[in-house]
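Chain naming follows the written order as A, B, C and D, and within any one chain the residues start at number 1.
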Amino acid sequence: MRERTLFLSAIVAIVLVALGFVVASQANLMPPAASTRAVEVDQLFRVLLGVSTVIFFLVEGALVFAVLRFRKRAGDDKDGPPIHGNASLEILWTLIPTAIVVVIGVYSFQVLMSIENPGRSPRIVEIIGRQFAWNFRYPDQDLATSELHLPVGQPVVFQITSEDVIHSFWVPAFRGKRDATPGQVSEMAITPREIGVFPVRCAELCGAGHSIMTSQVVVESQDAFDSWLAQQQALANDPGQLFLTAGCGGCHTLAVTGNTGVVGPPLDGLAARAGERGPGEDAAHYIEKSILEPDGFIVPGFQPGLMPKDFGQRLTPQQIQALVAFLLAQP
Amino acid sequence: MSQQAVAHAENYRAGQALGVDHRKVGMWLFIASEVMFFGGLIATYLHYKYTLGFPEASRLDIVAVGVNTTILLTSSLAVVMGLSSIRAGKAGRMSVFLLLTILLGLTFLTGQVLEFSHLYGEGVTLTGSVFGSSFFTLTGFHGLHVLAGVVWALIVLVLGLRRAFSAERNMGVEVFGLYWHFVDIVWIMLFTLIYLIP
Amino acid sequence: MQAPSAHPARRWPLYLGVFLILILLTVIEIMVAGSGLTPPTLGIILLALSFSKAGLVAAFYMHLRDDHRLYTAIFVLPVLLLMVFAVLSVLI
Amino acid sequence: MTTYPATGTWRRYFSWNTDHKVIGVQYIVTSFVFFILAGMLAMLMRAQLRAPGSELLNAETYNQVMTNHGSLMIFLWILPVVAGFGNYLIPLMIGARDMAFPRLNALSYWLIPPAGLIMLASFFVGGAEAGWTAYVPLSIGGPPGQTLWAVSIMILGISAIMGAINFVTTVLTMRAPGMTFGRLPLFVWGMMATSLLVLSATPVLTAGLVLIALDRVVGTQFFTVASGGDPILWQNLFWFYSHPAVYIMILPAMGIVSEIFPVFARKPIFGYRMIALSSMAIAVLGLTVWAHHMFASGMDPRLRVPYMVSSMVIAVPTGIKIFSWLATIWYGKLRLSTPMLFALGFISMFLIGGLTGIFLAAIPVDLHVTDTYFVVAHLHFVLFGGSVSAVYAGLYYWFPKITGRMYDERTGRVHFVANFVGTNLAYLPMFAAGLMGMPRRVADYDPSFTSYNQMATLGGLILALSTLPFLYNVILSWARGPKAAANPWSALTLEWQTSSPPPTENFAEIPVVTTDPYAYGEESTMTGEPAAAPAAG
């Protein structure tokens, strides 16, 4: 009898472990692992999945077996045996879970230490969340972009913050997530390992636009990345392009860029007029001031409050100077 | 019935299994929850004190508040003397001590009002800074507890004058005392955490 | 285990003594705060003083000293929890 | 001092009544009404999410619906319904005539309907949109409804604290002769653990809500980032309550199934002491894990590891309970009536919630799945597959005691099957959606998640429909079901040793307890009035 029980439980144990192993190794529940960190996280995930599978089928199996095997037979109105407990059994199912938990805890800690180690000379990328968009800055190049590009295989540290409420920067393919909290900068280290385009999502409820606060990260070869960077810098410093990318053309008329907006005053020949607007203020200063604080002077016939007031953040000082010079040069 | 069961049966009549009075247990449990309520406010104050440094705290007048503290401590003495009076069957003396408690409580509140108006004069306001918000909220909630205690003391006083308590029946006074002493203890901690520790 | 109300009349010297100690401790606190001690030591001393004051009130005025242990447990456990919570909230 | 209108008149349920049984029913029925409302909000969300690009609700409305769904389900359904069971059962189970503070008890109930109305009123003044977590600064800038939301939850917190004081005092001071702590029914142990958590955690949330309300109404600076306010501080205060809240909601549920298994397996509970101890262990540990909700926030990284450890350790006492329940039904004579079916369903579904909890405790995995549909699935398996299943089990189990009538077994089984299928169909796909990258609290999603959401919506529909047979069953059975015996399940706990429904003040004479409440298969030797039921039925 005793041997038989042991034999049966051995069989059950082997079957369960095999099952757990199969599920853990075969299950494909995660998006592509596009960062080195993702590989380690997925490994941990598979281990947890295997352990849980064993426990799951052990308990559910016992449950189903008990329901089938021990259900009351018709006409049998006697009680079950008065078993109140079994010390060794209770100690067993206290110690084994404890052991499992300790192992999982240690392993998780190792993975945590490893994934949060930034690696040698990581590139810094600043990530700014605002309702409801992600903006990016490459401080080394002093370059602000609306797209996130990363060179494959190069360690990067994201410095994440927010301008309004809490957002959470999440690239599922990287497995990393970090809240963008106003008033503080939190870091997340990543090393992309796969070339491709992966979605970026906001994971913390941030208001009505929460579900549309998405972007994408482009992981590309070093060369492609460098040329992209160069191109972005060129755009940033070519005022004509800047005039378009910053969105000025949407509201202002300017012949050379072919814009015909009428929301704001026309900007052709601005140099001539700009001088007389502010008392004792030359044209250059007037134009710069009008970009930074649009409601400072309202051209007669136009409404205040229409032009965004955050160009000071959106554009670098150099870009603003470039714009001013560009506008002054327009006949 | 086992011997222990008999004991239980007798306690039960008085509603006192474990030999403890349910009103007292209830009061202590309420105090426990109050500890955690002030805990939330104190944790907030300390968090900001640690992160922001609270330079404005130098504006606080330690000595004046120290005097106010001793007033509250004295009121606690009055309460406990009142309790021991009624336990000795001296209802009249208890009423005197309760009256004293009420007066001391009101004095403390007056002191707090003076302190607040002084700080407002200095430009430290509830909405002016994180320090103002944390300070006035924490001390203000303590003040509200003192106010509630004064009202409760009035009720106990009136009941006492109506001969509601005696050397045997005085749980109403004791339970009120527990509350009052707890409010006193909260102030003892606030005095150190807000005023003394830089 | 109930609070002994046997000789209540004789308890007032005890209460008065406790009161005097409380006042004394308060004075000491203010003097310590005034002394030029540095924050870590200063904080520890001041906390020790205030906790002893709170302890005196709880033990004698709230009768925890000679009342049922249950009451002490109900009071002390949340205080400990509060201390843990406060420390972790400061560090968070 | 305490008033008892004539029993049997339905009017007493709408009056200021201090009978703990009346108050218990008031709690249960009121909270079930809010359960239905919150369920309708859930159906609105599932309808919106049935397909990507749906325009049934605009984003603001969706956020309001989502916020109120969560807040109603937690603060006005599970917490009060559990308090309702506690009110009805604790005095009966410990052999007392009523609660320690009957008028306080009535007051703590009568705070709930107004609080619920205040929360619903938020819909009409620009509703609360910041989720039940109300993270600052979003909840500071939000529309006026957010203030009503905060006030409502403050009131509910005060009500819960008063209830907890009542429960603990009652259990400590009003146990019948011989009802030692070693003989306390496990549901009472669960309520004790829960009440201690309510007492130590709820006041902290109340304090935090005061800060939010002051910031919104008076203009204080607590959470104004520009002047140094720290958004993480609110998360700290909030989760110090809201993680223990999960145990507040699950411990009594565990107590309910611990009552049901011995009765329907006709066997003593296995390892009584360990189950009672594990409830207390979960309560204590539950107070030390709150910041595991903040692993992805800006909190000090060094603090995360201890929270990970304590969160994982909770798996141990939880496991002890599950294994003890399995051992209880092992070698038993299982009677698969509706309460037993729901109790078995509780284990099978709570297990999924518990196991996925370990994934969430492991920080590296958590940083991927937190704030995604993985979390939504996890918490619904714990709170719906877990707590709600147990509540249904308890409602069926004590229905004859409460109403004096028997429910219809066949309809009950239909309800169970629909509920079981619906729960798994609704929530299992959400795990996959979260792992694949679907954030939670979104009014719209990437088309790649469509199939998961269609399954979830179908499951939700089944869940909604599954409440119909339940309502049909309880309403008709209460009105004209067959009369129930005093002890239809031939159970041994004290509440079954008096008539169904019990008379005012419960027992003609206070019983004297001389045996433990799960002595099945033995000579039961309970004296007192009326005599104990035969151990076997």
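Criterion: a contact is a pair of C-beta atoms (placed from the backbone, for glycine too) under 8 Å apart; a residue touches a chain by one contact, two chains touch by 3 or more.
The shown structure was predicted, so the numbers you read here are calculated from the model rather than taken from an experiment.
Visitor: Does A-D or C-D have more contacting C-beta pairs?
Guide: The comparison resolves to A-D.
Visitor: Where centres are the averaged C-alpha coordinates, which chain has the largest centre distance to subunit B?
Guide: A
Visitor: Cα centroid separation between subunit A and subunit D, in whole Å?
Guide: That pair's centroid distance is 34 Å.
Visitor: How many angstrom lie between the centres of subunit A and subunit C, each centre taken as the mean Cα position?
Guide: Centres of subunit A and subunit C (C-alpha means) sit 50 Å apart.
Visitor: Express in whole angstrom the distance between the two chain centres, defined as the mean CA positions of subunit C and subunit D.
Guide: 38
Visitor: Which positions in subunit C touch two or more other chains at once?
Guide: Within subunit C, the residues that touch at least two other chains are 70, 77-78, 81, 85, 89, 92.
Visitor: Return the residues of subunit D touching two or more other chains; collapse runs of consecutive numbers into ranges.
Guide: If we look for residues of subunit D contacting two or more partner chains, we find 172, 199-200, 204, 229-230, 232-233, 236-237, 240.
Visitor: I need the residues of subunit B touching at least two other chains; which ones are they?
Guide: Residues 18, 20-21, 25, 29, 32-33, 35-36, 38-39, 43-44, 47 of subunit B touch two or more partner chains.
Visitor: What does subunit C use to touch subunit B in their complex?
Guide: My answer: residues 1-3, 5, 8-9, 11-12, 15-16, 18-19, 22-23, 26-27, 29-30, 32-34, 39, 42-43, 46-47, 49-50, 53-54, 57-58, 60-62, 68, 70-71, 74-75, 77-79, 81-82, 85-86, 89-90, 92.
Visitor: Which stretch or stretches of subunit D touch subunit C in the complex?
Guide: Per the stated touch rule, the residues are 172, 199-200, 204, 232-233, 236-237, 240, 287-288, 291, 294, 299-300, 303.
Visitor: Within the complex, which stretch of subunit D touches subunit A?
Guide: It is residues 58-60, 63, 129-131, 133, 135, 137-138, 141, 225, 229-232, 265-274, 296-298, 301, 304-305, 308-309, 312-313, 315-316, 319-320, 322-324, 326-327, 329-336, 344, 347-348, 351-352, 355-356, 358-359, 362-365, 367-368, 370-372, 431-432, 435-437, 439-446, 519-522, 535-537 of subunit D that touch subunit A.
Visitor: Spell out the part of subunit B that touches subunit C in their complex, as residue ranges.
Guide: Touch residues, subunit B against subunit C: 18-21, 24-25, 28-29, 31-33, 35-36, 38-39, 42-44, 46-47, 50, 62-63, 66, 69-70, 73-74, 76-77, 79-81, 84-85, 87-88, 167, 174, 177-178, 181-182, 184-185, 188-189, 191-192, 195-198.
Visitor: Applying the document's contact rule, which stretches of subunit A touch subunit D when the two form their complex?
Guide: Those residues of subunit A that touch subunit D are 29-31, 40-41, 44-45, 48, 52, 55-56, 59-60, 62-63, 66-67, 70-73, 76-86, 89-90, 93-94, 97-98, 101, 104-105, 108-109, 111-112, 115-116, 164-166, 168, 170, 172-173, 175-179, 181-184, 186, 199, 201-212, 214.
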